[in-house]
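Labels for the chains are A, B and C, by order of writing; each one numbers its residues from 1.
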Amino acid sequence: MAYEISLLIVMGISITAGLSLNLITGFCGQISLGHAAFMGIGAYTSALMTKNGFPFFPSLAAGMLLAGIAGFFVGLSSLRVRHDFLAITTMGVGFLFIGLVRQQDALGGEMGISGIPDPGLGKIGFLLLVLGCAALVILFCQFMKRSWLGFSFDVVADDEDTALLMGLNVTQFKLIAFAIGTCLAGLAGGLYAHNVRFIDPESFGFIESITVLSMVVIGGIGSVWGVVIASAVLSVLPLWFQFIEDYKLLVYGLLLFSVMRFSPGGLSAIFSKIFTRSLK
Amino acid sequence: MSPLLFVDSATIKFGGLSAIQDITFHLDSKELLGVIGPNGAGKTTLMRTITGIYQSQKGSIELEGIQISNLPIHKRVKSGLSMSQQLVRPFKSMNFLDNVIFAAGHRKTQKPLKTIFLKSRIEEKQKAMNLLEQLGISDMALEKPEKAPLGYLKRLELARAMALEPKILILDEPLAGLNQGEAEKLADTLKTLNKQGQTMILIEHNLREVMRICSRLIVLNNGKILAEGEPNSVFKQTRVQEAYLGEKINAGT
Amino acid sequence: MLFLDLLIQGLLQGSIYGLIAVGLTLVYGLLRILHVAHAGLFTLGGYICVIVTNQTSSFLLAVLTSMILVGLAGMIIYRICYQPILDQPPFVPLIASIGLFIAMEELFRIFFGAYGLSFTELPLQEPLALMQINLKQAEWITIASSVGFVAMLAFLANRTKLGLAWKATVTDPEIASSFGVNIIQVRYLNFFIGSSLAAVSGCMMAVLNNLVEPTMGSVPSYKMLAIIVLGGLGNVRGTLIAAVLLGIIESYGTIYLDDLLDRDSIAFVFLIIALMIRPQGLFQRH
């Protein structure tokens, strides 16, 4: 039972993380290769706070807030650069984050932070919290997709220049996407830190960013359910099949490559193709 | 009373070459102003300067007596300019109807933070459908733009610009890509719109339709205003004839 | 003498960066693809070099073999991975490339072990003093090959028919093909040359460290991206200058910035500052 619970916790955190990036990259079309940094900000903030005696929930909220603020400022870069350049810039932000954390003793440096206190909710309680968060994020994304905010994100993702001619303040929409997306990444990070109860810079490195990105891309950029399924499956695959653990990165790498090469729309594109075909 | 739009000494240089130079003109409310001229005369550049895609290096642009030269594109659109572009740029990920619905919701998207609480598209959908019908492209409403012929995309571009309910509708060659029958029909639609009170600037190569529907013409050549006035009198001027004949001779060689 | 030592170390590191980055910038110049898997080819080059040297005890032969094989591998990657998705938005080939690179790293680990390979007898270790600077042969060769290959590339591009065809294709593929340039051939050649240069770089890295390991490409993979952006994407000379400057700055940074930031992040500080000031890169094309 304990094993199933920890699987579900990992799944729930991944879904939150996957959807948080999907908001920025999928909905609003702004690619980010440094998303793990924002999970890191949420994780470090909340972990340091609970370790210093602050209660769990305010610490979690502080982590979200700080990640969101950082995301807002990183989002400013998307006003200067686009596409490939934005990808490289956000990747740079990711490396800068771990580069800074590594050298700061106050943040645990290379060794990371261990002994993060238990949130005191019990195993089941924590599971419910994580799944509740994931469910809320799913609902939020669905709600947003159907609102005029989601509609505007679609337009920004489609063609920024023409969006301006529709009278859209593209700048503000991009910043909103970055702020909300990174804030939710901070939530995922905080939950992660209090689940594993140990964090180090490597937990939020480039590979982690790519892992989250692969959930979005494999699920289908912009699709809520595709990303939910991909996040859930990809996060627990290595735990289910012990033999994959050793080849986890190989599988990730090949999956990322194959999906982009053969179906850039991801799982959701494959499903909708099968679905429309079976209707005909 | 000041004119609706006043453009003063609009000048754009690309790497030392002037695309347009010291262009000054005005536009009165409810006018249908035609802008014509040979290829490369600077017509599109001028319109892009008015909408803010390019920044004029000189002079000023006033809408209803208010300076708009320093405003970014989206604010100029909000203050009442909208443009249908010569090169069509539909949102490829959405169908015809959604393209127009989005433009029709321009009031809803003004305050980004509030947009998350706005869901209903009923009103905009109705408005968009009416526009598609008015322009004769409602049969494609649920199709994605990638499959559509150019004539449809041109009218989609126009429908979006109209959906923004502008004070001034700027149309960059809306008739191009349409056959003569379609062009005539669309020109009639534009004329009707104008009669209903819509102010318009029309860039067009189809001189027959321009002569038919425009109340006033500006002729551009080499980035400058060559002639201005009532259509028939403009074409009586020898320099206008030369500019056009010159183009024909060039095109023949 | 610390000052001079750091300068030379920086120059060496910069030369390695330069050789990899030039190949990457060539690919970007032609296809607008951020070819992250290029760093995988760099690693492959290092592995081939160590294996062939250990088998034949000829370092020169090893470098040549490595250049040819890696060049071919680059062409295969273009054909299988990039050509079919060139019409997709830029993030598609970028993510595909990242996936490919991760898979390549894992394959090196699975085939050759996590701890890497070393030379049984390390070549080019004799000291050689030039202009009162005392370095190992291998170190001199690294610097010389980076300058030499880039000069050769410049010569090829400006003085030969093939080079002119390449330049024409970079500027405007449509016009080039209307003048009878075979664009597909140019692309293959582009990948061959770029990948061979990465192989040379991998070989030199192998000798300098007496080690090739699966992850030797991971730091270059992203740092190269920073360098080619700083160098003005597609600009060979700018890229080399950016690479050498970065090598030198990092070399001093390790001493003076260590409390604040680790070495591998320095490139990105410059990258982010540079992009925010000049979104088109430091050295503009043309």
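To be clear about the criterion, a contact is a pair of C-beta atoms (placed from the backbone, for glycine too) under 8 Å apart; a residue touches a chain by one contact, two chains touch by 3 or more.
Owing to the predicted nature of the structure, the values given are computational and were not obtained by experimental measurement.
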item: Smallest count of steps, each to a touching chain, taking chain B to chain C; value: 2
item: Nearest-to-centre chain - CA centroid comparison; value: A
item: Chain at maximum distance from chain C, centres defined as averaged CA atoms; value: B
item: Chain centre separation in whole Å, for chain C relative to chain B (CA means); value: 49
item: Averaged-CA centre spacing for the pair chain C and chain A, given as whole angstrom; value: 31
item: Whole-Å separation of chain centres (CA-atom averages), chain A against chain B; value: 42
item: Touching two or more other chains - residues of chain A; value: none
item: Chain C residues counted as touching two or more neighbouring chains; value: none
item: Partner chain C, residues of chain A touching it in the complex; value: 31, 77, 80-81, 83-85, 87-89, 91-93, 95-96, 98-100, 102-103, 206-207, 210, 213-214, 217, 247, 249-250, 252-258, 260-261, 264
item: Chain B - residues contacting chain A, complex; value: 51, 53, 72-74, 77-78, 82-83, 85, 89, 91-94, 102-103, 105-106, 108-110, 112-113, 115-119, 121, 160, 164
item: Residue numbers on chain A that touch chain B, as the complex places them; value: 143-144, 146-149, 151-152, 154-155, 157-159, 161-162, 164-170, 172-173, 176
item: Interfacial residue positions of chain C with respect to chain A in the complex; value: 32, 34, 81, 84-85, 88-96, 98-107, 110, 218, 222, 225-226, 229, 258-262, 264-269, 271-272, 275-276, 279
